[in-house]
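Heads up: the structure comes next, in structure tokens.
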Amino acid sequence: MITIFVEKDGRTEQAPKFDRAWLNPASGVHVWVDLAAPSIPESLILSDTFNFHPLSVEDALSARQYPKAEAFDGYLYVVLHGIHYQKSDHSFATHDVDFFVGPNYLVTIHDGDSRTLAELREHATRNTRILSEGPVALLHRVVDGLVDGYRPEVDKLEDRIDELEKQIFERPDPALVRKILAEKREVAGLRRIITPQRDVVSRLARRDFVDVSTEMSFRFRDVYDHLVRVADDVLIFQDRITGMLDAHLSNVSNRLNEVMKVLTVVSTILMPLTLLTGAYGMNVPLPQFPGGEHAQFWWLFGISMTVVVGMLAMFRRKRWI
Amino acid sequence: MITIFVEKDGRTEQAPKFDRAWLNPASGVHVWVDLAAPSIPESLILSDTFNFHPLSVEDALSARQYPKAEAFDGYLYVVLHGIHYQKSDHSFATHDVDFFVGPNYLVTIHDGDSRTLAELREHATRNTRILSEGPVALLHRVVDGLVDGYRPEVDKLEDRIDELEKQIFERPDPALVRKILAEKREVAGLRRIITPQRDVVSRLARRDFVDVSTEMSFRFRDVYDHLVRVADDVLIFQDRITGMLDAHLSNVSNRLNEVMKVLTVVSTILMPLTLLTGAYGMNVPLPQFPGGEHAQFWWLFGISMTVVVGMLAMFRRKRWI
Amino acid sequence: MITIFVEKDGRTEQAPKFDRAWLNPASGVHVWVDLAAPSIPESLILSDTFNFHPLSVEDALSARQYPKAEAFDGYLYVVLHGIHYQKSDHSFATHDVDFFVGPNYLVTIHDGDSRTLAELREHATRNTRILSEGPVALLHRVVDGLVDGYRPEVDKLEDRIDELEKQIFERPDPALVRKILAEKREVAGLRRIITPQRDVVSRLARRDFVDVSTEMSFRFRDVYDHLVRVADDVLIFQDRITGMLDAHLSNVSNRLNEVMKVLTVVSTILMPLTLLTGAYGMNVPLPQFPGGEHAQFWWLFGISMTVVVGMLAMFRRKRWI
Amino acid sequence: MITIFVEKDGRTEQAPKFDRAWLNPASGVHVWVDLAAPSIPESLILSDTFNFHPLSVEDALSARQYPKAEAFDGYLYVVLHGIHYQKSDHSFATHDVDFFVGPNYLVTIHDGDSRTLAELREHATRNTRILSEGPVALLHRVVDGLVDGYRPEVDKLEDRIDELEKQIFERPDPALVRKILAEKREVAGLRRIITPQRDVVSRLARRDFVDVSTEMSFRFRDVYDHLVRVADDVLIFQDRITGMLDAHLSNVSNRLNEVMKVLTVVSTILMPLTLLTGAYGMNVPLPQFPGGEHAQFWWLFGISMTVVVGMLAMFRRKRWI
Amino acid sequence: MITIFVEKDGRTEQAPKFDRAWLNPASGVHVWVDLAAPSIPESLILSDTFNFHPLSVEDALSARQYPKAEAFDGYLYVVLHGIHYQKSDHSFATHDVDFFVGPNYLVTIHDGDSRTLAELREHATRNTRILSEGPVALLHRVVDGLVDGYRPEVDKLEDRIDELEKQIFERPDPALVRKILAEKREVAGLRRIITPQRDVVSRLARRDFVDVSTEMSFRFRDVYDHLVRVADDVLIFQDRITGMLDAHLSNVSNRLNEVMKVLTVVSTILMPLTLLTGAYGMNVPLPQFPGGEHAQFWWLFGISMTVVVGMLAMFRRKRWI
């Protein structure tokens, strides 16, 4: 779907068709062309009308691009990623948003999943001054919206990590290692997405590109700060997950220790008694304890109890029980 | 709460209201405006009177900013973090302090928790020359106070780590892993706070900003040194905690070894004796030892003792007991 | 095998022999000389006709060079690696492709395994305009082909890692550690190949070399993006394999725990019962349970069942069974 | 204690009092002022006579400074660390040495523990030309002495590590983990001391400061080389200690394996025999072996020996014994 | 031993004595002075005749220098390391080779172990043009020879690592950990030697020093490539050894698992049978199985077999046997 907004003399209107005359900066208009999941005929506007470089057009129309900002003759080509909730596996997914920023136009290309752009299109139909600050201000608006979309996803991830951490300490279970490793991958994936975006926005904030005015660089610096905080949170998550793995492994070892202690305590108490009963079961006359035949059992019982109590005292001293 | 100090002709006085004429550097006055947990009407001074950039005003009024120093037209915007003891969970917490440094004014914004600024306000009512060195000197004073506040917190953290280390070596306990990981997170958090502050102060010391004189850069270099030492201590803490985890895991393994040795020693000694008593309990005539019926027991007793002593000697040689 | 293509006035033709006059850029021709596994006499063209520096000739003719781009007087010497499937051990292998890029010629040297160059030679016999954009455009074409060749290999590697991951979680087996370490080496090897290539292509894209025009730098930037994405995938693989090792070690520990629990549960239940039978096998009169001689067994049976049920309840509470 | 040496016309003499006229470079004298653990009145010379910046004076008089070199107006302020043996805990300790290097003077401040400066003072009373090369040459002399002091301490550390390594492989003991971690901390501490000093000396060698002549920079380059070698040794120590921890953990695991093998071998051999004797102790008529009542025992003995030999053969095949 | 070669008018001859006139570049001669394990009188030529800086002379005559390249007034001082096989402990050792490179002379100092220099001296007696390209070309020749000497040593190391890897997977043995750690140190040592040499040669290749012509920089670039490949191999070795440690630890754990499984299987099968025989050995009348006194045994035998088969089936299902 192709949507065109054109601003002239401070009024923004939706235009049904793109007029080539607008490409002349001297025309005094600001144009925003939004291509949402463009069909092949719709996408021809990029090469035929705007004459963008074939390589950037190819990138803009292909699926998974790496975030980047590249200057071409007469325009700036930017790729950034938005984030959206993926119902299928309850995790987040990203979608490319591509920007062509010219002297008086902004072209955005995306696969139609971007809520930020849907809202902005809707907004542009009501706000007649949305384009009056020029294409870079509009770029900032979109980028700001995309980056704002990360925060709720990061918060959801944090909730999942909190929950997992609680489980590890309170209901340890060998199967948790799989969940820990899954979250680790999710966090590493998020980091891999954030870092290049931060670098792209940093370049916009540092005015690496001449089209960005001082005022606009202030705004991008603000977006950059948001991304730095998200990246910082992700680093904290990584530390926490590493700690969770350590805690999990420690749990496993402790449980083994506990199992072995039970075995050792039981064996060490019962084996001497079993030996004693074995001895008194031999077909060999044993020395008699004083007190007659019926006192024998109670002697043995007394010896056994002494062994049990002695062993228990020893284990208590070793802090095993 | 808004507090205004104005210095003219070497005398600092508290002013009830801000006079726009002071904004003119030619007025020859130095002004310090402190906003402690400002109400919304109070905070309007930032945008209405000082005309600060909306983005920096927004940052100054929002809660958790990342430490940074940014030059805007006509002023410098700095965010740093103070530290204060948090009663609720016996750990440290940070609070933002925001600075706007102009040619002849300093504006500070904070949430009212900062002891450094409370003391400085109190000090300014008595010392009439506190503003005579200009706003950057006052900035240094606040920053120095904030950074000095880190030392006692770092010392408390060190005490906790000392205590934990003692426990690990003297009273090993599986549950300690949780405490170790908690301290690890605390230390990582502290490091994450210190590093960006160090970078901000380093920029002030390196005179990245024209408003900082050589004399002032010397003072910030001094603050920078303090932060470097704190950061260095934090690195040492990280090494120690890593060592504690290693020691803890080694403890757990050693205890398992100890438990298994007890089981093995007891089993290995008692099982042959149990076999012997079993053999003499069989309903099968066994070869007799010389010496008559009553000598049989003593022969068996002698054999058993030989087995026991032999086993013990073997375990001693293996250094298991 | 030596193949020579020469383009003049927009027509590319295969030439049987190299004409020294072509070396003069003023001759207006573009030449591509491809040496596939050249014999020694064939390789003499490098030193005798082109007068390339002996060191670069030696590098071009030797087997395993590190990817690099070096400017020599009058030409650029580039080494890159193609990838091809190795039937012998079902893994990928690389082959060097060497390039000499002059003002109006491109010389390629390789061991004949490169499918990219075979296809390009075949293509050149049909497309008469293939050389009309000059030698750097042809260089880009070859480099693009080589880099495109990585994708299927990386995908195959990903399939193998997916398969291994599934095995680790579903059919854990101690022998898997060997396979994990083998894949780890494969991934590390791939990373070691990609990184220097990415650096070489990055230098071409950044126009470190004067022979590369802006238009050509755009194309190399595109190739660079491909390599960045491959390198990013390899990093993901490394993370996954590290996670697989963690999961594997955790599996091994869990299995030990499981084995020990079985031993402990069985021993702890049966040892008290064995002691009881031992006691009733002693040649010593024991106190009698009420109910006559034949009730004794059922008393003992009842006691045993109580012990078994009690133990099972305790193990259930400890979540061992 | 304050000691003053002044050189004029090639003769160095000890002076009882500092003459302010010497501060004028045109006076043609070279002065060395050494403050060993200065009293407060003695330390006033820094601020009153030399007019050093209050911040550098404060640093010079405070206890634990980080190594650094800072240019102030008219002088260079350097902090370095000497090393000395600490009797109390048989480890090394460091002490600050502070330097103020002016156009014709050197001021050294330290806590009196520095053997290097004690020797140099003693030397200056005999060598009348010691100051003739100027204050930077004297600075080099002190720095060289301080750095030379590291070598014997590093050698002692190496001896301790050698000894520990021998113990780990020859007399493994769980308690060694504590010693290993203690040495690890010592090595990390040494590294933390060396690195900033190396950086300071590197800046002197690279002539970051104008007061350092080419000749002097050669000398500091030499000191720098010494520090590089010490830092390199410390890195080797870190690797070795990491290896020692690995070896220790491997030892612990091996011992557990050994213990478990003994238990398993003994249990597996004796349990079938115990079962056999148990069976022949039952009050149930068993099938008889041929050969009459007295042959029964020898049959059972034969069966038992077969079991024992078979088991031993199996364990031998598994390489457990 | 001191050996002097002098080239004049394209003829190289060995000279018995050094002629000071040669030091004048205008003399038109090229000189190579080789000091092999020089005696003290021989080494005086460095300070007396060549007037080298005392610090570089001291470095050249001292034993273990770190690789470096330093410009002094009028000459370049370079230290590199050769490698040679050490019979005593079957490992490689390094020896320093020091170079003084002047406008028309090269001085080499070494301890006499260098085969490269022995061969070059021998070569110089036969090849009269060896010095005609000047001292830097000769320097390249020696450096090239030294670096070529690394390859066979690296190959030997690779063979040892291959052998060790095979052992770990095929004949695991706890003692291997010591060998693994020994190779790890050897590899780390090699890396520590290669890296600074690579940096020195890189500086020669990058023409950091004016004495190196473009042509010579090409040659050093070639040497640099060799070192890069050696360094790359060493990195691969490090990865492999890390993998070997992981595999070894995994082996140890697997063996423990195997031992424990045997114990558990044997105990779990025999303990119920022992209980059964114990029960039938009690002096208490048990309920009788139908079929008369002699059927009792066969009933018990049948129950036992059922237990054994049932247990084995369970262990088989758990994949323990």
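Labels for the chains are A, B, C, D and E, by order of writing; each one numbers its residues from 1.
Heads up, the rule we're going with is that a residue touches a chain if its C-beta (ideal position, glycine included) is under 8 Å from a C-beta of that chain, and two chains touch if they have at least 3 such contacts.
None of the values given here were measured: they were computed from a predicted structure.
Listing every chain that touches chain B and chain C alike gives A.
A rotation of 70 degrees, rounded to the nearest 5, superposes the Cα atoms of chain D on chain E. One simple way to say how far apart two chains are is to compare their mean CA positions; for chain B and chain E this gives 41 Å.
Chain centres here are Cα averages; for chain A and chain C they lie 25 Å apart.
Each of residues 249, 253, 256, 260, 263, 267, 271, 274, 278, 281-283 in chain C touches at least two other chains.
If touching chains are joined by edges, the resulting network of the protein chains shown is one closed cycle, each chain touching exactly two neighbours. The chains touch one another in a closed ring; read from chain B in the direction of chain D, their sequence is B, D, E, C, A. Note for the complex: chain C touches chain A at residues 169, 214, 218-219, 221-222, 225, 228-229, 232, 235-236, 239-240, 243, 246-247, 249-250, 253-254, 256-257, 260-261, 263-264, 267-268, 271-272, 274-275, 278-279, 281-287, 320.
Interface residues of chain A, counted against chain C in their complex, comprise 53, 55, 58-59, 64-66, 68, 70, 72-73, 174, 177-178, 181, 184-185, 188-189, 192, 245, 248-249, 252-253, 255-256, 259-260, 262-263, 266-267, 270-271, 273-274, 277-278, 280-283, 293-294, 296-297, 300.
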